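Both complexes shown next keep chain A, but they swap its partner, so chain B is in the first and chain C is in the second.
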Partner chain A sequence: MPYLGSEDMVRELRRALSNPNVQSDHLRYRNTILKVVRAMSQGVDVSGLFSEMVKACATVDVVQKKLVYVFLCSYASLNPELSLLVINTLRKDCQDPNPMVRSLALRNMTNLRLPSLVEYVEQPLTAGLRDRAACVRRVAVLGWAKLHKLQASSDIDAAVVNELYSLLRDPDPVVMVNCLRALEEILKEEGGVAINKPIAHHLLNRLKECDVWGQCEVLKILERYRPQSEDELFDILSLLDPSLLSPHPPVMAATLSLFLSLCSGLPAASLSALERVRGPLLAACGSASREMRFTALCHIQLLLRSLPGLMGAHYKRFFCGYAEPAYIKQRKMQLLVELVNDENVALVLDELKGYCTDVNTDTAQAAISAIGRIGRSYSDRCLEILTGLLGLKQEHITSAVVQTVRDLVWVCPQCSEAVCLALEGCEETVQDSQGRQALLWLLGVYGERVSSAPYVLEVFIDGLRSEVSPGVKMELLTATMRLFLCRPAETQDMLGRLLHYCIEEETDMCVRDQALFYYRLLHCGIEETRKVLQGRRSDPSLGVLIGRPAEPVNQWARSFNTLEPLKQSAAETESTSGGSPEPVTSVPRPNTDLSLSSLSPSPVDKPPNGVALCFLLLGALEKAEEEDYVCMEEHVHCPAPPRCSPQSLQAALQLVNVQTLAFTPPQTLPWRVYLYTHTRNTHRSTLILGELLYTGEERVKKQPRDDTALKGFLSILATVLHTLSSERA
Partner chain B sequence: MISQIFILSSKGDHLIYKDFRGEAGSDAVTVFYEKVTALPGDQPPVVMSHGDLHFVHVRQGGLYCVATTAADSSPFTVIEFLNRLMALIKDYCGSLSEKSVRMNFALIYELLDEVVDYGYIQTTSSDVLKNFIQTEAVSSKPFSLFDLSNVGLFGAETQQSKVAPSSAATRPILSSRGEQGGKSEIFVDVIERLCVVIGSNGVVMKADVEGEIRVKCYMPSCSEMRIGLNEEFSIGKSQLRGYGAAVRVDECSFHQAVRLDEFDSHRILRVCPSQGEQTVMQYQLSDDLPSAPPFRLFPTVERDVGGRLLLYLKLRCDLPPKRSVLLQDATTTHTPLCQELSSPDQSAELQPHSRAVVWQIPRFPGGTQLSALFKLEVPGLSSASMLEVGPVGLSFELPKVTATGLQIRFLRLSPVQPGASQRWVRYVTHSDSYTIRI
Partner chain C sequence: MSASAVFVLDLKGKVLICRNYKGDVDMVEIDHFLPLLMQQEEEGLICPVMSHGNVHFLWIKHNNLYLVATTNKNSNASLVYSFLYKLVEVFTEYFKELEEESIQDNFVVVYELLDELMDFGFPQTTDSKILQEYITQEGAKLEVAKSKVPTTVTNAVSWRSEGIKYKKNEVFIDVIESINVLVNANGSVMSSDIVGSIKLKTMLSGMPELRLGLNDRVLFALTGRDKGKTVAMEDVKFHQCVRLSRFESDRTISFIPPDGESELMSYRINTHVKPLIWIESVIEKFSHSRVEIMVKAKGQFKKQSVANNVEVRVPVPSDADSPKFKTSTGHAKYVPEKNLVVWTIKSFPGGKEYLMRAHFGLPSVENDEMEGKPPITVNFEIPYFTVSGIQVRYMKIIEKSGYQALPWVRYITQSGDYQLRTNA
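Take a look at the complex of A and B:
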């Protein structure tokens, strides 16, 4: 076909359509119409041919009819007057002996979406509801929903609603499901179709007759039904149980969703339902369709929030395939991070290490940060891999490693030695601003241990003029200040230059203000500066240390089987455990080893508004460091600090509902225990974060005390916590 | 509930657009394509949103099949539906490609009209649909190299045509009305996808098989068919049957329509296939392959005196002899190379954008060994860059082989069909992901 502009094309087509010779030869006629529709679907505006197409509608050729209807439905709203002409043909077709023609006419009549036609449509629709052929009834039922949408204001006749309700007993399952759908839309204001006991049981009994799509629809609507007795509930559950194992993921997901809503008061039942779907979900993860795999992966992530151990044995299923798209690989890595345990950590890390050199830089960086997350519990192995990666001298890898290491060191300060050694030489490879900020931060905080730190900073300061990122500049200011505090001789000169540049020449207001701030701070004297810059630092990751406590299913059940889990970005899951912003500033940075201790599941996931957070510090013999806390410091003079094994202490604390977060190893000083507890009043909930600090002299260091001493201590602790929480509440 | 469905070519041409509910404007198509092109790489996320519009798409045969929907609709349903729609289009048009969609757009509109009404899925069963679909398919040339260029990464469907006894399996199902009407054929395919990771020390770290039995039926009306599997086929770990080498799978699920009354005793599936393609049975096996993985690699990575990276790969195929394989093999590394391959019909090239050497082996007889030597110029080669070499990913297709050992003993149509009916059983194993670390 020669190339024609759209106007020429329309003219050409119009000529062909109105040519009597073409009209008499039905094959040629059909072909011309085909061309019109083709042009339409390619985006050419062929609305000008409307009147010609209306004429073409009156034909016995079903294929031609269908084509014309495709056209008419697309353009009817532009030509309401001309569309009136079609109605006659359509109404005539509704009387046709062939049910296919009847359903076609009825469907397209309602698809024209013209409010002016409503009066002509109602009568055939009413007739359609009682048609002999199921296919006509299907169309008619949905037709009422379309009609309702066209004139939402006018109420649909109650008789029609009743008729739709009675059609729920239609022998054709699709008619039944369509009735549900139509009623759901028509009765939207009243909260959708009413599901009483007879209807619910009727739907459940006919579930088997429906196809996959119908089943999903019915299951979804049944979520609204509340069984009246426990027996009924369990009858329904056992009836639905086989569907949990359906080979069709949509049915499985819809059933699970219904299970979760029915069992919202029975956590044990919902957990066992989650166990049941493990097989089908894993099968969906291996589906041939990668979109389906992705969906299954995202939903497994949801399930793991409540049952962290659900997939433990199947971690290998989440190893990435060679040719899988990046979005699947990244989800799988997030899952692998959650499935790590003592047995599989070596294999998982080995696998993740392989992804770090992936060609796709996003995947590589995701792999590196995944290793970093695992490093919070298995720091040595992970650091070895991460520092090994620095040797590759690849820009994006090094940058990701430096950022990961920064985050890791924040949580596991014991890693700092190894990190400091690895940092040398990175500055040449890291190019992007995020990576350089991370590097500068590390140099600032650990400057005294990285011998080349001043020289690296000097290079940065010399290149300041060509620096574009304000983030890097601010980080450079802070890092230089910090380094100045520990290595003044080497840094003084460059700090002067840096401050001078930033105050005099810098155009970015934030950078300039920060430089001014540091400048004035220096005027206040070195001690003041030190207090500000090297004071206690926040440790936002304490929440992470505890691992994720199992959430109750209700937290996420609503978003199950919706698009929500598929959209959640990686960053979001990363930050969920970050904790609340203001309380953490008062938690001291632990300088000592923190060994992880497992925790019992307790519902502490960002309590609702009105959280009072306070910090309780219990010093055993001496007062701890001098500093003003936003929160509370409490000194409990306990004759003998409990220096027992973490396990027994933890168990004991749990008796009084105090959860431990982390311990220092038993023999170290200062010895710390981080703990939290959670109280709920009627109108307000309180989360208490506490640190037990014992900085006693060597002579007080004693082996575990007897139970009574411990109990005494705990009762004190409990009363203190109790009074505290009641005060606060 | 689906608001719109549209099909775009990989270049963004509008092939099909249908609006079911009139809620979102037709500019959604443009919005979607803009979103796709704005992303780096060729892998847009499955769900994208633009205001209240949520796009869910699947990608098959180089086409984007997109549905716009509300936020609370089930992703499982939408994605399964889109996959099913693509399968239907393939059934009706013969193959799934930009060309066949272009040629058969009228048919596809008709199909969409029957399958979805007002955004609600009505039916996707080809038995029901065949009564409604009137337009005849225009089939493109049965098989051409052009179609192969659209082979998807997991091209189980498209690559299948290469091993088909003829191009018969890629014709439209509705041709019965046409001149080819007399030819009633049924294909039963056992398709397995292998997912293997082999460590650098040669130890199999992971081996999964996902398998399915697919029936593609061209008979206008098919009576009951009985598919006999190996007698010693067993499911799960505990249960072992027969005296021969067990054929074992971990989990197994069947299509709704399959009747299993004879499955427990004789391992016979009874099914009345409807026209078109359907998966009768799916099964998985993890970590316990009955035989050794089909390929082993013996790599050597060295630095030669000139500072080049020497990559010597020796690949062995452990299949029984006389089985040949189509193979493609890729390694991640750097820039210019010279190569020595052990046979002239192989080829190798370096793909700079993906930093991979691709070594193509058209045929690889079982029990033999091939080798290749690549010399790569790597700027700034250090000992650390050696770590970056690898892994080796193999993509291949093993005709007439199943990794689990599942076989079809017999295929019977119980009331014998009048006229000549042909029954085909085909086995093929694809590499879903076959990774060997170096």
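Take a look at the complex of A and C:
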């Protein structure tokens, strides 16, 4: 930030620094240096004083030295030549009898971050590794890591690596941990520090000497170790067992992470470890720091994916305090939804009902949608609460309720009776576009049972000119069309006006196209229209899958105790709170089929082995700055298409986390299955949509952006199909 | 772990002080921090992790400061937050109060500390007791001879230096229990727990060995004694000086204490406790005219004990005016800036029951802003009493010079997060 009059200031400081009178007076000299550093922290550009400051570092006063070094390290990259002058002083300091001075000099020597100085730094660093004071060795060890980072391409001296390995046996625990950190950095290319049996056991034995940070580091690095025998494994596990209950949440989490990686072949052992950490995790949820609470909550969400019953009895711990920040409340509500069961449902709902009137509208809406989620299994109680909330006539509450109810009737059509009764009068309170879209959808689908539906739509149509949201307009078109099919007399006139406006005056192309589409559809006759618009509604006989199947621990073990769970669950809430209305997109529309088939590429030659399965894979990259999708085709060799029932295919695919969208009846040709799956890694998530096609031909296209994900998907799919078809064979 | 850089910002997002530890994240990235935060605040979705490109900001807020760590790796979030809180702890011990002014007044020490606390993105020396031995605020005065090597940096007992001397050897033990209670509007206790801590003020010479005996249920079960009241502690945390292996094997709490004040241990007891001060409230709101509040407070603890400085904080609508109070004891005060009535009772003996009535006017034009339903909160302190019944049975002090030392024990129970929801 440019500072008014900063040039004058720099000039004045320079004059003071080079004034011999000031230089001879320690106190005045130091105060001037203090002023320079203060100016630097305030954002004034004082880099011009570099040469004056270089001179100032030759002093016996440790504090002055530190200040000058702070300055020099900040501006060294701008003055590489002048920095060379500092090196001499620094090297001299490395010989100082006082270890504090030695460590200070070494640290700053490596903090200058100038590749040109590396040759001068290596010798003092080597000496530092053998210094008798632990504080110097600590700095020297990390110094090598910094040096390597500075010029990652250059080969590091094997002697140094050996020396670092031998320093793992240093009596000072911090030196030991720093060695691990340095070797991790230096040997990054080779996959980090090599952990063999003696090192692993040495580290385990010294774990208790380390501070919290050191313990976490050691535990993290031990994840790479694979015990050679079962006995050894269990010895390690029992040694680590007390750390699972560590009062420090980071240590507890790191231990659990290590447990999960050691027990990856023993699901029972990892599950019992999860049981053991329940107490400490719950304690972390009550910790004084809200960020730690938040982290703990996010990680509990992760654990529940594998062990849904883990926190069942402790649901009260997730009740929200009045003053808690919204991000914690929302996370807690998500957890409460997961923990609902027959015994606690009344209490949980009562509690959630209280949050619906929270001052923070986002929290209130999250509470309402949480009630909606619970409604999938306890629809009557939840509907009662939701319809009760409508009585408050609060804009954001009504809007959230309408959206939630819409999502609910889609999966629980038996609720529609109660919903229709409640809808009357909502149109006056709902103002935002999401809420109105939901209301319109409901009026369209259940128009015959809501007596006032045509009048509500008429109000919307009359106000069309002032409507800004294209989403609302499109929803209005669909709703009016649907209502026309069941109540033609009341709706005909307004439908005409609506279509006329949208085709003649509307500027948004999507809306206009949709209006034209409906107009032409009406020309095809009322039966055709009915077929398109009143396609299959959700089938009440298809029950909702309550509760996700428990995932295997390996699914998420790698992201445990990192930043990812915090980001991940944030993304999930975004999609639930602000996301697209799911039923609208899943209403069967004739063109969805078209779009898929139009993407099918031309057939290629038959593979030599006769029978093959063909794929059209569509990988879409979500959450990237620009939306990005690529099609590819791949064929999987498989002796025959699985001749099993669709249910067993679906179950088999779900085991590997692939969801089926639709499939043709078995024994038909061509036989198709539409499926999708998600992959997630740190930076992005990939949605893979696939069509599994069996005709005897094959097609290939490629998506270069997330090859690994696709490959993994394909190999898994191939395995499943193989297993299934061999079973049937 | 690996944090790339640590920043201390003021509320306007201006960098007060920063330290670039790794140099792999551009320091100007911090300029995106406050805009991101403002944007999230507007959307009502503040989150302690924010990302800009591939840079993640992990932040906490303390007084009028933001402490931010940046990283471009998938680091261990809980460790980074722990480190940021450690920073707060260390700075607070140095400056009493960590805020913008204290950072600016002490920036030399802050630079020194940041240098020692972390190197290359890894926490190094974070114990403030050790740091205080070689980084002092007096360092700001010119003192060439300040080159004493702190023994503790390399010492086996890192939390205590040798050669400490006191004329009178004493140790003060404070057992403090806070109770957290959440009661819902119809009077049932939703959750309650006790968070206890044992604090020491050690004024002992040399390297004393201490052993603390508590009426710990597990210990009593181990030794086969079952007379007297015992306490089952959960989530016990100790200061690093306590020998954990001994505690794990035979529940003995033995240690060489740090000098001066320290927290020896903390624990949590997750049992159903009867709320010590029970509140019944009736809040009747007559729209456009008035609010009438009746609050009854009852001391549900032993008659011999007395709660001190009891404060019952009752929320009132933000547009209420012309307060009128009537209390059976203590006095009530309206705090309009917090929309609260604070009813203060200096001393509240167990078993007693007191009453407060309040009357407020409401404007005829109603405030159409939505208001939350804040709970009633209670603050109090009961000396010479612990809810859990925990007791210090003995404190043995052994030093090789063989001096006699006196342990003093004090018990206090206080309110923690004590909330009672209202029906209004």
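Here is the rule we use: the second predicted complex is superposed on the first by the 557 of 729 C-alpha atoms of A that agree within 3 Å, B and C clash if a C-alpha of one lies under 4 Å from a C-alpha of the other, contacts with A are read in each partner's own complex, and residues count from 1 in each chain.
In this text, a contact is a pair of C-beta atoms (placed from the backbone, for glycine too) under 8 Å apart; a residue touches a chain by one contact, two chains touch by 3 or more.
Since the model is a prediction, treat every value here as computed from it, not as a measurement.
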item: Fit or clash between chain C and chain B when superposed on chain A; value: clash
item: Which superposed partner A:K393 touches (first chain B, second chain C, both, neither); value: first
item: First (chain B), second (chain C), both or neither touched by A:E324; value: first
item: First (chain B), second (chain C), both or neither touched by A:H26; value: second
item: Chain B versus chain C as contact partner of A:T89, first or second or both or neither; value: neither
item: Which of chain B and chain C A:S289 touches, first, second, both or neither; value: both
item: Which superposed partner A:S261 touches (first chain B, second chain C, both, neither); value: neither
item: Touching partner for A:L34 - first (chain B), second (chain C), both, neither; value: both
item: Touching partner for A:P242 - first (chain B), second (chain C), both, neither; value: second
item: Chain B/chain C common contact set on chain A; value: 34, 37-38, 41, 43, 62-63, 66-67, 70, 74, 100, 107, 113, 135, 138-139, 142, 145-146, 149, 174, 177-178, 181, 211-213, 216-217, 220, 247-250, 253-254, 279-280, 283, 286, 289-292, 294-295, 316-317, 319, 321-322, 325-327, 350-351, 354, 357, 359-360, 362, 394, 561-564, 566-567
item: Contact footprint of chain A on chain C as seen in their complex; value: 1, 14-18, 20, 22-24, 43-49, 51, 54, 56, 58, 60, 71, 74-79, 81-85, 107-108, 111-112, 115, 119-120, 122-127, 134, 139-140, 142-144, 146-147, 149, 153-154, 180, 182, 184-185, 190-191, 193, 234-238, 240, 244-245, 248, 266, 268, 370-375, 417, 419, 421
item: Touching residues (chain side chain B, partner chain A) in the complex; value: 13-17, 19, 21-22, 41, 43, 45-47, 49, 54, 56-59, 69, 71-77, 79-83, 105-106, 109-110, 113, 117-118, 120-125, 131-132, 134-135, 153-154, 156, 193, 195, 197, 199, 205-206, 208, 210, 212, 251, 253-255, 282, 284, 286-287, 332, 354-356, 380, 382-385, 387-388, 390-391, 393, 395, 432-435, 437
item: Complex interface listing, chain A residues touching chain B; value: 34, 37-38, 41-43, 62-63, 66-67, 70, 74, 77, 100, 107, 113, 135, 138-139, 142, 145-146, 149, 174, 177-178, 181, 211-213, 216-217, 220, 245, 247-250, 252-254, 257, 279-280, 282-284, 286-292, 294-295, 298, 314, 316-317, 319-327, 347, 350-351, 354, 357, 359-360, 362, 388, 391-394, 561-564, 566-567
item: Contact footprint of chain C on chain A as seen in their complex; value: 1, 26-27, 30, 34, 37-38, 41, 43, 60-63, 66-67, 70, 74, 98-101, 107, 113, 133-135, 138-139, 142, 145-146, 149, 172, 174, 177-178, 181, 208, 211-213, 216-217, 220, 242, 247-250, 253-254, 279-280, 283, 286, 289-292, 294-296, 316-317, 319, 321-322, 325-327, 350-351, 354, 357-363, 394, 559, 561-567, 570, 573-574, 682-683
